[in-house]
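Shared chain: chain A. Partners: chain B in the first complex, chain C in the second.
Coming up: the complex of A and B.
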């Protein structure tokens, strides 16, 4: 499945770029991310807890950043699996300056398999869009915060968990 | 197809149920008709630790008229609505939409409240609730509040219901005289879910022109929505074939459509305009 989109962030490009490749920031911004650890240069292992509501699905995976050209573009490769299914994909992330703000363009190809793909096919695109929006909203808050300020707390975490439990729950045909 | 272990409590009053929910917070899940939740649990996609079954609570299953409104209890099944002669008379959109949900088993057990609270992006009730300008009543340990259908659906499987709230009742203004309604859907052949579903409720003036129209569309985006541009084009218009087609062409204005293996986003947008035209035509007869 193709995932494409643009997101404008009202913060300067260098700040946005450094937020996007900072593991500590990513951990705070990726919906449900419990752990993101460097395992090598630009490679990370990640753990996502997909909800505390009706779901206790945990996904483990690896993230790799490639072709890094700060502050304009990089490539991300993701490979993860959990009890509800697996996910593999790669995508380009490009950052352009636009009237003092940053325009992020992402495009990638993701394969989803396992139970989620089998029974929740029709929901995947909507789910991906929703997670992307939550992620970039959080990144924007991070990039706008002053460096000496403590990182912002994200109310979206709870929303993400609620959403994800709903997603998984409804990922079946009636 | 065997769910993970879970606890089960069947309270007999709504107070008890909301108390349980606030006590167990994120671990608890409300069980209504169980035709979305139970299959998900069997696949172990959902693994709630506690099910609060509201099916034993008396007085959550009814259809009555009160205060100029139709009031439907959250545990009222799709079949009860489908088979209500009174609704067929005063608000035919409800039984028409109910009759198109899933299959006989789903309609016999599934509930209107469960479906709305679940907010599946392809469910039928959200479109009808929007077109009928429904008000959804939510009860929690802190009290009761009403949420307009237009504010209720937030995103994919996300509603305005807060943690600890239970949807208790659906209130719909009794349609005025000269109201025409229709619900038409293109059903996914395997699941029965709407690829596109369009609910229309329109009021005509004495001359036969459209006075006001409400159009709810499901299946296209991450949540059901009111097609405001269609409604605007219909207001004050004569309901001839050409006008209807022109209005229906706005069915997905400003909407971010989703695609899947069965129907691409572009195809869904096309279908939405076609079904909007047919539903408006049916409602204006």
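Coming up: the complex of A and C.
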């Protein structure tokens, strides 16, 4: 199944790029990520608590980054397995400068199996979109944080609040 | 015999307990010290299992045992396939996967725990490493797929079969027109209201194993499970308690049934497994699953010259009990109710990485009827004839019965024109056509569909069935005069507790409430075959009639002895034997026979009789269904605005039960025609795995059904009954599809494959490709 979308982040492209490939930042920003450790150059093992609707569980898997062209694009390959099923996929992430902000375009192909395919397939795209929004809102906060500050926290409500204030700001700017 | 009950709308004696929630299904039976089983099932369609780690699950709270394929493969025999065909490939079918998994839902491990939640939770702690393999999903491509599911077979072909008679090449060459069409019979899930369930208890001292299972075939299961477990058949008792629907899905012997028995023997504690709905959709047999190509030849006057059907039949990954036999039933019924001189069916049955297909209500005959009834409409469209007229031209007359088909059958009796004319009259067909023409001018999208079907029932002569085609019945008049009927058939919703009591009450002149019909327990009931193939009344009911005759003969002799008269001089009426002003009731006779103080010297005490019946032929019920459908231009939604069905199932014991069967069958047909489809994606993931995605029709989707009957008795059995369990699912589907294709004919549509969802119809109507 195809997962794609765009997200505008009001932060400098280099900062956004380095946040997107920093395992510590990623662990903080990926919703439900309990662990993300480097296992080699640009490869990581991850532990993720995720689900769709009532189908929830822990996924263990590997993440690999390829074709890295800082600060404009890279490719991500994911392979994970857990009690609710498995997911495999790869996608392109492109970063473009836009009026001082960064426009992220992502497109990927994901294959799911097990219960999550039998029960949740129709809801996955919606759930993925929601997770992406949470993720990028968190990344935006990371990219805007000053280096001497402690890293921001990204609980669900904090992220929702950030997303909401960003939405108001963008609406007013229009 | 005076018919006081037979033919009457007697209310089902089963219903008071069922509608009050007082019935006992497998899950209602609770035994002391009972443990619960849950299954880990494959999330891959096709993969090698590289390792299984159960250590964490074993230490989870409440877990008593965990079993994998390695633990049980050498202990439990193969899941049986009862079908025999030339050069049939039968894969190894173990109760749990060992080295490979073959479909999503394939059982890998069983967890036994003190409650079902603990068992379910521990499933998540089993770690399985898989090496994923490419999945074979496409039915037409499976034969040539480079991925071979069962590697030692060399390819994915389960069998190839050519059937039929007549020179098909010459028949098609002699036709004025040959109409060709590809046609899909989508996979369906039977969705019995009660999923499968098994409770097993082993008594180590007595060495007795008892299985309570939601099954249609308790005796056949006893034989097969005894073989699988290597235990004496006389130490295994199978009980089918209340069974909440089967539709063929419980005409089977499943891995779980043998496995639960084995676990109970290992642990010497009762173990229960109740299937979840997700498991039910994944791992209980599926129905249909054929992709075929029709070629039908016709003359300009509408006469059919020949029919060829080349079909790919989807077996799934394994054979269940009758998997390979289902397409052969399609081949038998391709002639429909028409005189077709030459018929040929070429079957390529293939393995795919999906759950096995098997008998689902109709079992191969809905496919045949859909083929021939769609084909007749396509011929009518080609010749610009009325579809009713094309059918009429090809019917055999009632005088031509028994009617021989080019598929090798002899139809027992029939009056196809009679049922058709009655249905046309009820529907006011010529007015429907006028109304349709007028409505079309108003921009409405309305269609009229007709199907004239015939099907094969009362299965059947033993020579034509895998495990005996007979049925048995015992009748006992107890010392108190109450009557016990034991039937080897295993009704599970059809209502034979009522209809068999009607037959016995009339034969013995006793009150209906004095009769108990007992079934479904191998320790109580003599061996029987089971309820499937619309056979329970035609075969089991006939065995009952024979037993009642024999019992009446015995009772007459006892009565003559008591009355000091000759048996020939006795009248038997309303439960009383009488002669010369003296009389004795059958209840008094039964008591005297049991007390045995005054009985003929050459007779055994007691009053009972057991008889068996094996039909010499199948029976062939038939009928006409007429449907009017209207398609909403804005939403593509279909409304069935009129539904008329005239069915002929021979003589009728209880019209209300017959109507109930027709209602249910039509509803399941509406499901197939409009809503239901099991969808596997390219990787073999079942994406319609719940009732959110697999659309079973709801009450609001069902039109008012106008039913009537014609009655052409079958000469095959003395009751004259034919069977009605599957007629609805066989006759209705093509009538519905024909009506929608007819509605869309102004859009250039000549055929559509099911299910006819709003999305598909909307695109046609709104020209969106």
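Quick note on the criterion: the second predicted complex is superposed on the first by the 149 of 174 C-alpha atoms of A that agree within 3 Å, B and C clash if a C-alpha of one lies under 4 Å from a C-alpha of the other, contacts with A are read in each partner's own complex, and residues count from 1 in each chain.
Here is the rule we use: contacts are C-beta pairs under 8 Å (C-beta built on N, C-alpha and C of every residue); 3 or more make two chains touch, one makes a residue touch a chain.
Everything numeric in this text was worked out from a predicted model, so none of it was measured.
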Task = Please indicate which partner A:145 is in contact with in the superposed arrangement: first for chain B, second for chain C, both, or neither.
result = neither
Ask   = Does chain B (first) or chain C (second) touch A:111, or do both, or does neither?
value = second
Message = Just to be sure I read the superposition right, which of the two partners does A:103 touch: chain B = first, chain C = second, or both, or neither?
response = neither
Request  = Quick one: classify A:119 as touching chain B (first), chain C (second), both or neither.
outcome  = both
Task = Would you check which partner chain A:21 touches, where first means chain B only, second means chain C only, and both and neither mean what they say?
result = neither
Message = Touch test for A:65: chain B only (first), chain C only (second), both, or neither?
response = neither
Message = Going by the contact rule set out at the top, does A:83 touch chain B (first), chain C (second), both, or neither?
response = both
Request  = Look at A:3 in the shared chain and tell me whether it touches chain B only, chain C only, both, or neither; answer first, second, both or neither.
outcome  = neither
Task = Identify the partner contact of A:132: answer first if only chain B is touched, second if only chain C is, both if each is, neither if none is.
result = neither
Note = Between chain B and chain C, more residues of chain A are touched by B
Query = Looking at chain A, which of its residues have contacts with both chain B and chain C?
reply = 57, 83, 115, 119, 121-122
Residue ranges of chain A in contact with chain C within the complex = 57, 83, 85-86, 111-115, 117-119, 121-122
Ask   = Can you name the residues of chain B that touch chain A in the complex?
value = 26-27, 29, 35-37, 39-41, 43-48, 102, 106, 110, 118-122, 155-158, 163, 188, 190-193, 221-222, 256, 258-262, 265
Message = For the complex, give me every residue of chain A touching chain B.
response = 52-57, 83-84, 115-116, 119-127, 129-130, 159, 161-163, 165-174
Task = State the interface residues of chain C toward chain A in the complex, per the touch definition above.
result = 43-45, 104, 123-124, 278, 281-282, 681, 683, 685-690, 692-693
